[in-house]
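Notes to accompany the following structure.
Labels A, B, C, D, E, F, G and H are assigned to the chains in the order they are written; within every chain, residues are numbered from 1.
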Amino acid sequence: MLENILKQVQDGSMSVEDASKRLAPFENLGFAKVDHHRKKRQGFPEIVYGENKTAEQIIGIATSLQSQNNEVLVTRVTAEKAGSIQSVCPDYVYDNISRLLYWKSSDQSSSKREGYIAVIAAGTSDISVAEEAAVTAEVLGSKVHRIYDVGVAGIHRLLHHAEEIQQATVSVVIAGMEGALASVVGGLVSHPVIAVPTSVGYGASFNGLSALLTMLNSCASGISVVNIDNGFGGGYNATLIHQLIHKGEGLA
Amino acid sequence: MLENILKQVQDGSMSVEDASKRLAPFENLGFAKVDHHRKKRQGFPEIVYGENKTAEQIIGIATSLQSQNNEVLVTRVTAEKAGSIQSVCPDYVYDNISRLLYWKSSDQSSSKREGYIAVIAAGTSDISVAEEAAVTAEVLGSKVHRIYDVGVAGIHRLLHHAEEIQQATVSVVIAGMEGALASVVGGLVSHPVIAVPTSVGYGASFNGLSALLTMLNSCASGISVVNIDNGFGGGYNATLIHQLIHKGEGLA
Amino acid sequence: MLENILKQVQDGSMSVEDASKRLAPFENLGFAKVDHHRKKRQGFPEIVYGENKTAEQIIGIATSLQSQNNEVLVTRVTAEKAGSIQSVCPDYVYDNISRLLYWKSSDQSSSKREGYIAVIAAGTSDISVAEEAAVTAEVLGSKVHRIYDVGVAGIHRLLHHAEEIQQATVSVVIAGMEGALASVVGGLVSHPVIAVPTSVGYGASFNGLSALLTMLNSCASGISVVNIDNGFGGGYNATLIHQLIHKGEGLA
Amino acid sequence: MLENILKQVQDGSMSVEDASKRLAPFENLGFAKVDHHRKKRQGFPEIVYGENKTAEQIIGIATSLQSQNNEVLVTRVTAEKAGSIQSVCPDYVYDNISRLLYWKSSDQSSSKREGYIAVIAAGTSDISVAEEAAVTAEVLGSKVHRIYDVGVAGIHRLLHHAEEIQQATVSVVIAGMEGALASVVGGLVSHPVIAVPTSVGYGASFNGLSALLTMLNSCASGISVVNIDNGFGGGYNATLIHQLIHKGEGLA
Amino acid sequence: MLENILKQVQDGSMSVEDASKRLAPFENLGFAKVDHHRKKRQGFPEIVYGENKTAEQIIGIATSLQSQNNEVLVTRVTAEKAGSIQSVCPDYVYDNISRLLYWKSSDQSSSKREGYIAVIAAGTSDISVAEEAAVTAEVLGSKVHRIYDVGVAGIHRLLHHAEEIQQATVSVVIAGMEGALASVVGGLVSHPVIAVPTSVGYGASFNGLSALLTMLNSCASGISVVNIDNGFGGGYNATLIHQLIHKGEGLA
Amino acid sequence: MLENILKQVQDGSMSVEDASKRLAPFENLGFAKVDHHRKKRQGFPEIVYGENKTAEQIIGIATSLQSQNNEVLVTRVTAEKAGSIQSVCPDYVYDNISRLLYWKSSDQSSSKREGYIAVIAAGTSDISVAEEAAVTAEVLGSKVHRIYDVGVAGIHRLLHHAEEIQQATVSVVIAGMEGALASVVGGLVSHPVIAVPTSVGYGASFNGLSALLTMLNSCASGISVVNIDNGFGGGYNATLIHQLIHKGEGLA
Amino acid sequence: MLENILKQVQDGSMSVEDASKRLAPFENLGFAKVDHHRKKRQGFPEIVYGENKTAEQIIGIATSLQSQNNEVLVTRVTAEKAGSIQSVCPDYVYDNISRLLYWKSSDQSSSKREGYIAVIAAGTSDISVAEEAAVTAEVLGSKVHRIYDVGVAGIHRLLHHAEEIQQATVSVVIAGMEGALASVVGGLVSHPVIAVPTSVGYGASFNGLSALLTMLNSCASGISVVNIDNGFGGGYNATLIHQLIHKGEGLA
Amino acid sequence: MLENILKQVQDGSMSVEDASKRLAPFENLGFAKVDHHRKKRQGFPEIVYGENKTAEQIIGIATSLQSQNNEVLVTRVTAEKAGSIQSVCPDYVYDNISRLLYWKSSDQSSSKREGYIAVIAAGTSDISVAEEAAVTAEVLGSKVHRIYDVGVAGIHRLLHHAEEIQQATVSVVIAGMEGALASVVGGLVSHPVIAVPTSVGYGASFNGLSALLTMLNSCASGISVVNIDNGFGGGYNATLIHQLIHKGEGLA
């Protein structure tokens, strides 16, 4: 890309000012400093946390990322805010269960990665967080198997899917209430498990604290945990791990 | 017993003062008011919580209970304290794993209750609490099956015992760390489950808070919970439930 | 039932696909895996937690349960959601105090169980949780005595009902604020007590934490605890215990 | 006293420096500023919190108080520290249950106050805190009735003392575990109740938090609360209230 | 009153059923058991906690209390609910700052108690809780001095009122944020201080927890604490203490 | 191995009883059920949590694992307990910084895995937890680079090692106090980061809660978290991820 | 000013009553006691915390302050409330990002202080709190440099501004989520850092608790912390420190 | 210093290896990376947190710092550990109240800074933390006034020192229990206040949480807070602020 930009400067099709902006490690929008080197440094472009941002701020950041040919992924977007953004950026896709808004350039060919990520949810009420994990992983190029409503109160439902889970490269387990599903899955598999506690529950679940503590204290060994309701974090971490297989291939 | 006492008063073998003490609903030892009617009112005599009491105080209370022909059960007794008490009350039994000290009169014939209580512990480290539950239930006249080290990290160990657990009248599930075992057992059985969280664990287990919250928030329906490390409470509640079968028989 | 289904397959009145669905241990609705063996495994069919489910999801799950001739019991249903469901399932009953929605087939004859469950509430504000317990127990086939507004600030009101409480098979005690009622009831009876803390109170009640801790730390022995505001759990556990009398009968 | 000191200055038997020290509102010992006007301002002299002070520091402060003809009351003194202090101040009294160390001058005639304070403790394990309350009240001139081991698990023990409690001017209720005793007493009496939670208990009592929350959330109206294990605070507040009767007399 | 009722029964002007209801220690309204002996037992009639009750429930309870010639005091009543009640009970008074609703019979002559209660509030935002304390005390017959906006950030404002505060019989101190005012007042006076933490503040005030802990840990000795925002409790406890002066008179 | 055992049965060199024990999915030692299929199911044999186990229990479990030709890894072993075990099992290695005790059979050839795990510790005080992570990973066959004392208060120390960290396959970041190191590392790398909070700190670090919350709330995306002081979990999860590269190779 | 007022009294242009009000240390508005000596005592006039005050109360307090020629600064004012106030006080300025409302008299010449305060915010979502800090400092006479969106997930953005930050007199660091920015800035500079945690985040950020604990436990040494979301406190403390340079000048 | 080193290299009196070590921004001791540029970057050399370090580690780090002509200040050193270190470094000074160990080179002339820091402690039990603050400030070159035992329970003791406190450049306020002293001091002065909560107290002080929350929520404006018991942090921050006066001079 660098060469392209320099050529455009040479032939006068890009001003020096624009080129310098494009090549800077971040673009300063005043309210935000968009990180243009994130993809180079971290493998994926900056993800935009949409919760406390206005539609205008999101459009500004997204446009800056897109200008660098980065994918755009915005989390926690309400349907209403998504509508405002899509009226300006009509090629953005919005998923109203996961509340994710995203865009991929046409030259980002679909994934060739082998294997898949198992996204496993304990109950029907956990599905929106599970979808945040699943869609995140898909947008970032991984294949996903969804296994939902397999909470431990009827463990035969989970064991029914044991093989499908065991053959995944990495699992994301989403559970609220007491969050016991993570430990049971952790005991069945030989791959890493990312546990996502949800705020589903009432009374002494204390908005997800119960599930969070359960997962941190799991007696199964291969489990690590992300923040409450952080489906995105679950999907992102799983993808980071999933793509390692290809690094291995590269090395081989 | 009342008749006995009155006869002794009549024939002068018991003073009025002694008789009145024996018939009072409680005996006032100054530092304690021993509840003599507990057994009549509640089915079992007063249980002595030994943790903050001196050997002398325990002997005083125990002697008062024994004088009413009550069983004696003292919880949380250190080996050292037990020794001091046994030097005065040589027929008391001490169990150094459960830290229970107890005495039963010879006319308390062993239990004829049908069925049994399943006492199920997640890990080796939970055994002392599990034994507090099991021995309590046994002293109070129930039969117990012990199923230990069947935590969910290797769920085949638990499923191996599924039938034995399902045929119990009531289960007591003891678990520390994330306490997930209670939910899995709760999903397998059709009888009540008493869950006992333990303080086993480290870091964010916060001395049993993690297991406690897990059990209170269980997605399985038939679970109720007692205090952290309260093996006694688990065994006592299970026995209260277990003996209901005989009430049923009585009614039939 | 199995025989029935197989005959229908034989005579062509049921397709193999439908039969296999009916005989599976659960039906996969995508957003939910309805547990058809729960009643066989646990004595009661799967109870539907209605809080985070849409009317459509509840109808889907309920229809699946009904198709197996199971009772249907849905908790935490708002009046509005209940209306939507009843417009599709007009024979469902909705109780607007307990917020329970339920359906029983005509061949589920009313209970013949002896004895009753005492549902005891501390204050007028605890009644909705108490009704969740009481109606749950009734739908699952138990007889219930309601004893309301007998908090410990006027203990003569409770003692007035002492005999009625003592003759129950099991008690459910519902209390918010400081939750002391559970301990006092626990000291009066010889049967198991299920304690349900409520979030009634203000300031340092911390949404039920105060009553929860009180009940977990009760100095009375036969008390076990369910989640804050979990009236359903209270009624369900009490019913599990209550029906044991009949097991006893069966064994005798 | 002022006059005395001035006369001694006049006749040369006291230096100006010493007199100015005696008349200052506080004496500066470097590590402490002993409050000489506390008794005038607050009715009682400064009470010394002994927990983190050395024997030397306590002797220094006590001597300064005594020099102003104040009573001396030191809380939380270990037996060992008390021994060191008594070797210097042989007329100090040490009570090894309440861990209080005190001294009263001979011209402080014993109390003539009418009525008494009821000090009520739930269990044998709460007695050391109860004695801190009782002895504090006695040292400060009140009469005390002790009513111990009357926890709510056997409520007849408490009701047995109802009249004695109701006739007190003020009650101090000491309880650990779930602390329910305060609410029951609060519902029986027409005088103020000072509730003292104790750290007695285990597991989810969280070192007295459970009893503290119970007492703060009491459904009975006339209860106010002091810090966990703060027997001194209970006795001190009760005495402040108890002595009001005499103010009333004074006014009449 | 007993005599009156019996006469009415004798002359046929009251049915036996009505008389028995009037003489019972409580009236059972189904949703509530109104405590008719509270005033005899506790000095003041039952206070109605209005927060979770409907207008209809409050009217029912209030009418029952009134029928026994008791004052009526209802706390935490919204303006809207008060309107509904007043449309039925037009002689009830509503105070929209303290959110108290009350009624006093004409033969309850105004207080003759000497002395007064100081109600001291730290900031303008604490006034609604302070008024709950002040009006409660006034309805129950005490005289009140209000001293508002004297928080410790400008301590000269408090010291300006020192004498007025010191001459009170008892103080109620209301403060949010860090709640330091209670300690400073506690150090200035020789009478009991009831501290009421409020939920005023933000961030790490955690809805009043900060002020609550401050007051429980006060280094000043004569302070006891009620629940967060419990202005009623502050006023009620202060009145219980205030009226002791007259007991003293009675005894003299 | 199966074949071996069957041959030994055939030729009489192993009894049927012994063979059945060896082939069972777990060996029941009474106090423990040793999981013999863990390695097959999960890739690594059961790890023994040594904290609450006696030397005798550990020897029993270890011997059972060894009999199946499994590596043995015991965590949280005190030097004293290690000594007792080594006197029976002299070929066990004990590392007194990480407090790990382990044994590897001679036919477990050393790792050929490419790449390495970066174990990064914030301060000198975090080194024992860091070594638990590092040695765990090494015993399980990974290569480790240690980068210690690079806390964010002197960020040039961390940046000095940026390249070494970026070239790792996975990082384990160990930090106490405010735990900020995880976020900074997370922002520098394109591989997964396992964060291990430690209990190092004082005051408001609340035994590691501060670092735990920091890591769960990290604004950097690729971070997942294990329990406080759980160095073992950090090393184990990192190894699970690290070995995926070879799965990739296998697939290629 | 004193002289002015006395002259006006002398020549009859001001009544004695008005003069005495003007000269009093505070004005008593009933609901508030406005502190007129705050500026003299503390360097700045009383700041009005607007959150729980009505527009009328704010106007009353502001007018009283203005009458003493004080600046007026009101925090936490909603746009709607600001509108009501400005309709009465049209020369007041309202800033809708920081939600500050303020007024400065024309004779308060703009600041001549050398140096500047660096206000550094981690993310776009923290900007409203950051602006509360920045505008507060500006209204109180300091120069401010704003450096926004420089969170540690892309540390090159922060390092890009290192010199600008290092040359400030004092920094205010605003961050939510894990709040790690404070530690990194603290390690880069030789001047005091005031850290302001924000409630930005979700799940286990517990409304700012996570960032608060991070900042209190910082491993960098020169950091002190104010309340969650307390941008005002950050700006005020920074200004107190910033103006010390001029005290130094005065002394030199 | 650079020049010196280069000369020594030139004339062969220092090896290239040694010189490169001396000039590196930090020295890598393996267990620690000693920050040699801290003084240049931050104004003061790296302070050593001694709590979890061995005497050997401290000697290693201290020697490295000294070799760069830095002062050495080690916090939280036990008397025993200090003895071990002093036997190797006999010119180090140990203060057994503040538990600080330090060394200053002879060419560090004593401070010429004008003004002083007021170190104000609430109670005798807070003195060790106060001394940590005071001695830290003195070692770093500031003059300190100590004002101890001036808690708010006797506010005249504090007001007695009002002028001395008001004339300080900056105050450090140390208080445990309810920590109210910080607010009162904050309301009296026009300079910045650094508040240090201590863990002194019992029961609901929760090891300093109470005082911490008090100080964070102070209604006085110029207060910022450091960690519980962090006397060092209080002294260090105060010194950073105190030295600004001279920066001002430098600019003037």
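Note that in this section a contact is a pair of C-beta atoms (placed from the backbone, for glycine too) under 8 Å apart; a residue touches a chain by one contact, two chains touch by 3 or more.
By chain, with names taken from UniProt: A, B, C, D, E, F, G, H = Nickel pincer cofactor biosynthesis protein LarB.
From a predicted model like this one, the values you see are computed outputs, not experimental measurements.
Asks: In contact with chain A and with chain H at once: which chains are those? Just list them.
Replies: Touching chain A and chain H alike, sorted by label: F, G.
Asks: What whole-number Å value describes the gap between the mean CA coordinates of chain A and chain B?
Replies: About 50 Å, centre to centre.
Asks: Averaged over CA atoms, how far is the centre of chain B from the centre of chain G? Could you give it in whole Å?
Replies: 61
Asks: Using mean C-alpha positions as chain centres, tell me how far chain D is from chain E in Å, no decimals.
Replies: 27
Asks: So which stretches of chain F touch two or more other chains?
Replies: 123, 153-154, 187-188, 203-205, 209, 212, 216-217, 221, 227-228
Asks: If we use the touch criterion from the header, which chain pairs count as touching?
Replies: Here the touching pairs of chains are A-B, A-C, A-F, A-G, B-C, B-D, B-F, C-D, C-E, D-E, D-H, E-G, E-H, F-G, F-H, G-H.
Asks: Considering the complex alone, what residue numbers of chain E touch chain C?
Replies: Touch residues, chain E against chain C: 25-26, 30-33, 35, 37-38, 46, 49, 51-53, 57, 197, 199, 208-209, 212, 227-230.
Asks: How about chain C: which of its residues touch chain E in the complex?
Replies: 123-125, 127, 148-150, 153-154, 156-157, 160, 200, 202-205
Asks: Write out the stretch or stretches of chain H touching chain G in their complex.
Replies: Residues of chain H touching chain G: 41-44, 47, 114-115, 169-170, 187-192, 194, 212, 216-217, 221-228, 232-233, 236-237, 240-241, 244-249, 251-252.
Asks: Sort out for me which residues of chain G touch chain F in the complex.
Replies: That would be residues 122-123, 151-155, 177-180, 183-184, 186-188, 201, 203-206, 209-211, 213-221 of chain G.
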